[in-house]
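The two complexes that follow have chain A in common; it is paired with chain B in the first and with chain C in the second.
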Partner chain A sequence: MSLNRLVLFSKSVRCKNLLTPLIGQFRSVTTIQSQRSFRTYARNLVYAKDLFLGKVNKAEVFPYPEIDKEELEEIKQFVGPVEKFFNEDVDSKRIDHEAKIPSETLNGLKELGLFGMQVPEEYGGLGLSNTMYARLGEIISLDGSIAVTLAAHQAIGLKGILIAGNEQQKAKYLPKLAAGQHVAAFCLTEPGSGSDAASIQTRATLTEDGKHFLINGSKIWISNGGLADIFTVFARTEVVDKDGQKKNKITAFIVEREFGGVTNGAPEDKLGIRGSNTCEVVFDNTKVPIENVIGEVGGGFKVAMNILNSGRFSMGGACAGMIKKLIELTSEYAGTRKQFNKSLSEFGMIQEKFATMALNAFVMESMAYLTAGMMDRPGMPDCSVEAAMVKVFSSEGAWICVSEALQVLGGLGYVKNYPFERFLRDCRILLIFEGTNEILRMYIALTGMQYAGKILTGKIKEMKKGNVGVVLQMLGKKVRESVSSTVDLGLTGNDGVVHPSLADSAKKFEENVYYFGTTVESLLYRYGKTIVDEQLVLKRVADVLINLYAMTAVLSRASRSISIGLRNHDHEVLLANTFCSDAYFKNNFLMAQLQKNAPENNDDSMKKIAKEVLEKRAYICSHPLERTF
Partner chain B sequence: MNCARRLARITIRGFAPYATVTARESAKCLNPYGSGVQTLRAFHAGFGHLKDQSVSRGDGHPRHEGSLVTHDSLFEQAAVEARTKAMFNRVLEVFVRKDIRRRGHVEFIYAALRKMPEFGVERDITVYNKLLDVFPKEVFVPRNFIQRMFNHYPRQQECAVQLLEQMENYGILPNVETKVLLVQIFGEKSHPMRKYQRLMYWFPKFKHTNPYPVPQDLPQDPLDLARLSLTRVAADPDACVTVYQMPSTDVSETIVADVSLPYVVGIQSPEQRSLLAKHNASRPVFVEGPFPLWLRKTCVYYYVLRADPVPPEEKVQEPVDPERSFFYPLELDLDLERDLGDDDSFDVDEVEEGPIFAMCMASRGDQATLAKWIAGLQQTNPVLGRAPTLFRLESVSREIQRAGESEPGAEPGLEEEPPHRQAMKQ
Partner chain C sequence: MAARVLVGVKRVIDYAVKVRVKPDNTGVVTDGVKHSMNPFCEIAVEEAVKLKEKQLVKEVVAVSCGPQQVQETIRTALAMGADRGIHVEVSGKDYDALGPLQVSKIMAALAKKEEANLIILGKQAIDDDCNQTGQMTAALLDWPQGTFASEVVLEGDKLKVVREVDGGLETVKLDMPAVVTADLRLNTPRYATLPNIMKAKKKKISVVKPGDLGVDVASRLEVLRVEEPPQRKAGVKVETVEDLVSKLKEGGRI
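Coming up: the complex of A and B.
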């Protein structure tokens, strides 16, 4: 009881702290949004990074972030019509079959304002916060093609102007983009360059009058490439740096199709998201005025990084929305289909699949809204690691869930008469775009390692030198830990933030966090900065961290639900406890693998297998039917 | 009976060691007649064997003289007609049909084994089986424990072992037919059978030990051979072979050798190309060679384009551009090195060699021919136009050349010597 009150209290304190000054000045919710650029203090959110040190920065994630009543009302007003539109006016089957979104559907989307969800109201957008954007994303994701078209337009396409553009650029381009009159596209990838900026070939050269750039080069796999009127293009420019040396640096440009010299190839024929337009875009002596440089000349790399980092969190909501829909569709089938006088829903293996789907949806949702809530806090907090974790977890979860749903349906899932195979095809791209999951795992692990390394360097160096004091301190700590046997990071107990019904899970989480901290320390001790080359180690580190963050999200969310008495909160507690115990064992296994000479760790063998296969570029085993005599 | 008469005749000839064998052979002729006689004969045979062994240790091979001559001449007569498999088989058939007792088959088989390469059948398993078939069946199979204990019909067994050994030397794996024959001739636990089992145990195991197998029959066309050799030396699936000059002979001229264009075939991988592009043009590149490459019994020569190792003062460790990866940091800004306990690298003294930029093979190794190769390379590697090219060509020792050429199956003409090579020791 006291804990409940405590949670509520701390929440109200936070709300007062954060929102009171704002609400005092502006009445409506959307103005809070536009006020987000009102930077009172730059707070650096380091929740995920702190986990690398074995610390839980509980103030950041407890209580679960929530929006106030007016915002909730407003979002509900948005959600209703959008949901209606997607249920009635969007024919996903046709979009998929014809590989084109019909113009009336596009017009409908424009009328709903979905082309400018995050564009501030002053530029004609909806000015939604990240949380509200994620909420709408849940519905939009019911059609993969539309979701990708909209995301390419506003999550990356116009994001450059939004976050790095100057006032003139914003005023010139955002209103038309928000209204959907113009469609935006993001042109980064090139035939020879995926994530490697060094191999970008597109060039921008300054004209003699110094007022224009001429852009030459081709960009591939550009979503909306055929529809777009405004392109965010990244090209190499010659920049003279401080020492007077000429250097090739990347610059971001706003390019209008009307500038001329912009052509695009035929749309690619894709596996999924077939309705979205993906094609090659070629720039041939496209003349771009110098005012259209986003940020400064040579500063394109940061712009690109920021755009890519900012868009990822929304995938959690989108995937959760899709899985929730899938659960509805498949559970109906499981309840009606009878085999051996039993409905499918009575078979254990089918039940397990539904539990998996529910768990995944619950975790994704929790992670997505926790992250969105953190990003909505004042001070433009850097949540890129958290957002990357949401992306990795939800894209992989979605793939598993869609596959499981298909399995429940058996043959029905495999035919084109039903939407399930389309869901499967559509969601495969989630693991690939916006940074592949492999690359994001590297990002997640390395960012944390860098943070932890900075702090631990001194201590590790002392240990390596054989400083008796430090070693004794370490030993003492180890002895104390082994005696006390439980780890207490303050989530439960007197000033705890987790509801008692989740106390066991919280304990597991704390134990995981503590051992994660020691694991990271030993990894840094062992590998130092060469850990960059240990991709399999980093993959496990990232996996543990993703699990930890997911545990945090579900603990926080379920605690809030049970404390304020949301409907079916007992189910949430069940889901949270189940997920936490599952993740706990997975983490323990992963961390055991990370220990030195762990028998669970097969990395060396795996690398050797891969090396032998890749040397020959083929599967090299003899056929089992082969013989030598 | 008959046997005793023959024994007497041979003893008169005074050819003692041979006598025992023939006696044993005649003994086996009697085998089918009855078990009573059989045991007696077998005992006799055992005795004979002991005697035979002591003799054979004494003087080795020359003991075959006399009867060998006739068997060799059988093959020589055949060889006059044609040295083919069919002819070889006919000789075997003639021998088998000539005498139902197959007198002198051991000598015949030794002779046949020696003649096999001449007839080009030394790698033919069916011929070996046919040769084994010359042994009379069942007579050498031990019938009791004493026979089994002692070396039963040692010369025959030794001969069969010799046959299997020749198969082994030529890398021919016995087959089921061989096994059936051996069982029929010598029984399950004879020495040839043991040899067979050892062959069958080890041969399959070693069959694929070479990770870079050379095809049994090398291509006849020198260009194809050059392609094969170059891809083998390069060992890079990305490397691409370019023919810089096709061989051609102007037949209208009287002196053909002077006007024939030598072929020039080169190989270069993209990695080598980028290495070459980074080469400092003020430093020379070297064309060196010829280096021998043995493909079974053929020796071919190749040339390399290389440079001296980059001196340490020119080696600049390019710092990783922090604005290189859009997604994750390529290196950590930490002051921590890898722990010694996790440093799995070996402490090896490494001698650095210069980079090799390309390789080529040409039918003539003179500078003019190789210059064509460099000219061809220059089209894709412009740096060659600026960097000085030095030719450091050596002559090949004639010994190697001969060894390559004298072997059957060697490519004639491939190892033809460049005119300017002097006789120099290797």
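Coming up: the complex of A and C.
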């Protein structure tokens, strides 16, 4: 990749200073028109990635996705029975205590049809869209163990067959899986390969007759490992690529427990989601027919990534559902408990906690359904970055909100008689599984940086070719940029897509996006390819982007609510404006830290501290009571 | 063998909701409030579907009177196993004034039109607690009635109904056609499973107006005022039994 050329260009045109980013000086002077992008990429759903170029693709996210009346009626019909079941027939306390979901409960879930929500109707499932799936996820999340069991079964366990399987595999396996007769599990992680999924060592060797693969290896942290009959297993196979070279590439297999050689270890004794079965699964010469390869031999890694990406967004809905429930439970207490002759709800610090919960639920909902709506559009839109952002925000937001809710109840929140401690323990896993938040932040930042880098070098190439128009365009942009300015990316004003009562927040958002675009450019210039190793930089980039996407989601959703006059839309405007204001200042600070030699940035010191501690594998300061004489 | 069962289902405010009185005291707040099928109507539907599963009846028809939203309630009945639905459209002021007399006239007219042999209703609705519709319907049709049923057995062309009454249990035998109203212990309604809800989409709901059935829904009642029950006042703690006795005397209680 020619990021070096970017450097050369800047030197050759003798305008190094034109590429230096502006440092937080956005006071209004003049207006800049939105820059027209240079089309070197296929027109596919590109929202998050274009934010890296300081560009807002309004059409992708405005107006907020809507489902038609019939679908809404249908989903409302579904919500009733599921809520009833969870309120009356699910004893979460018992499930947590016994570390097991009772078989009556599992049967109830199967009969309700919850084991095949996204399996097409022709195979016996409910054929729900992503949006409807997310809606039901809001209710199912009331019990963490059940939510994880169902997700492990259908969001990842059988997803491979659904999205990459052929007709025969679908017809053979999906009906029983949808009915819950068979339970599925997803087997990727190994003792030596967690975040680094591409390094798995489980092997699949072709038999002499070429009709079977023999799978050998062990997998850990497998949800439903003890209950499953059907496993989606990832193993290395020998592949001869087009150059005639032998390579070991990952392949995805449908493995039935009946094939033999499949054993599972004892269930893990976990902090939370204790009712979900998690164990080690070992494959010892398990014979798998070649018809059970999902997709192509050697194409397994991509299948794995697609599976994981497709289910991620639903965490937003699940967390929002949980927080909404917590708000109900906690406000009941805060309204009745009195101290100092006032009810708790009259105290500022308690009120702040409720505002935090409401804001988080609002943002999570907005992001989740925006992403689901985008994913439900025809074609195969790649929303992996957006889904990852939903996951990171929702998992961390949920963890904070549950903790705050517990705090409101004080000592009562700490005891097992109340569900708060269970919600807290169940929530902790959200930041770890389905891609740790650290990995996802890297993914979010790097995917965007790579995309931006490609576009920018594409532009450089054109200029080198002598495309005068592009040169003038870039120069003109740089000249205007060097003057402090307000930004107009088309969200407000006469053709604006955002409702006037949100105009202020939209302006803040546009400013952030613009600053972000220039910051990204300067980072690429400063680091080039080595940006991959700058985790603390990438972390901030990801955080800014997540905030930007969140702001987009709330602006879009609130605009729609006002425009169609939904109940309590004033409250939505308040939530949207509050969140955007908060995120705006946070983003500005993060981006200030990203500028060259920023005094706000302590990364070098942090790394030095970490190095000294890790070298000695201990805290190295002398004890404060120590003497030298 | 009974051919057709009519089941009445009413859309009411959900039992878990905290009901509030409207500021103008003309009624309760229904806007934006969660509604669902009256629990006793659920039991009625369940009983009808059970009879169909035992092959003692051929068709179960769910009926509801009200505005467009009652179709949701009918759909729930369809998802539980009813074969088709009839929505009797009544809206606005007429709906506010709709009471047991009007509904029983409608049910009677429909029973004749649909040639039903059995009508099963919930014993009462949890919003008005009238406990009149079943009885009035039977009277209008001049059919026998088995109300507060905790057990229903179809024996040939006779219906054995065990009724829960104040004194205990009473068993009656009714000639068909008849009207039955369901009490709490008749059965445990099934969940409308999601696959059944999807199948129910294909079932038919026909819409009729009271006028088409020759029924006049004008009300003979006028609601003057709706109020919340008085706030419960705090009690007073006393130290000794003597204090208690003197306080009671003071209050004129003893």
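Things worth noting here:
What we mean here is this: the second predicted complex is superposed on the first by the 556 of 629 C-alpha atoms of A that agree within 3 Å, B and C clash if a C-alpha of one lies under 4 Å from a C-alpha of the other, contacts with A are read in each partner's own complex, and residues count from 1 in each chain.
In the analysis below, a contact is a pair of C-beta atoms (placed from the backbone, for glycine too) under 8 Å apart; a residue touches a chain by one contact, two chains touch by 3 or more.
Since the model is a prediction, treat every value here as computed from it, not as a measurement.
Clash-free side-by-side placement of chain B and chain C is the outcome of superposition onto chain A. Touched residues of chain A, counted separately for chain B and chain C, are more numerous for B.
Applying the stated contact rule after C-alpha superposition, one finds that A:Q450 touches chain B and leaves chain C untouched. Applying the stated contact rule after C-alpha superposition, one finds that A:F629 touches chain B and leaves chain C untouched.
Of the two partner chains placed by the overlay, only chain B lies in contact with A:F301; chain C stays clear of it.
Touch criterion met: A:F85 reaches chain C, while chain B stays clear of it.
Touch criterion met: A:Q77 reaches chain C, while chain B stays clear of it. When the two complexes are overlaid on their common chain A, residue A:Y527 makes contact with chain B while staying clear of chain C. Look at A:L126: by the touch rule set out above, it reaches chain C but stays clear of chain B. Residue contacts after overlaying the shared chain place A:K596 against chain B, while chain C stays out of touching range. Once chain A of one complex is fitted onto chain A of the other, the partner contacts of A:E111 are limited to chain C, with no touch recorded for chain B. Shortest separation of chain B and chain C in the overlay equals 35 Å (C-alpha atoms, whole Å). Within the complex, the chain B residues that touch chain A are 173, 175, 200, 203-204, 207-208, 237, 321, 323-339, 341-342.
Residue ranges of chain C in contact with chain A, taken from their complex: 32, 36, 72, 75-76, 79, 191-195, 197-198, 201. The residues of chain A lying in touch with chain C in their complex are 73-74, 76-78, 80-82, 84-85, 108, 111-114, 117, 121, 126, 567. Listed in rising order, the residues of chain A touching chain B in the complex are 188, 195-198, 249-250, 301, 304-305, 308, 435, 439-440, 442-443, 446-447, 449-450, 453-454, 457, 460-461, 464, 524-532, 596, 617, 622, 628-629.
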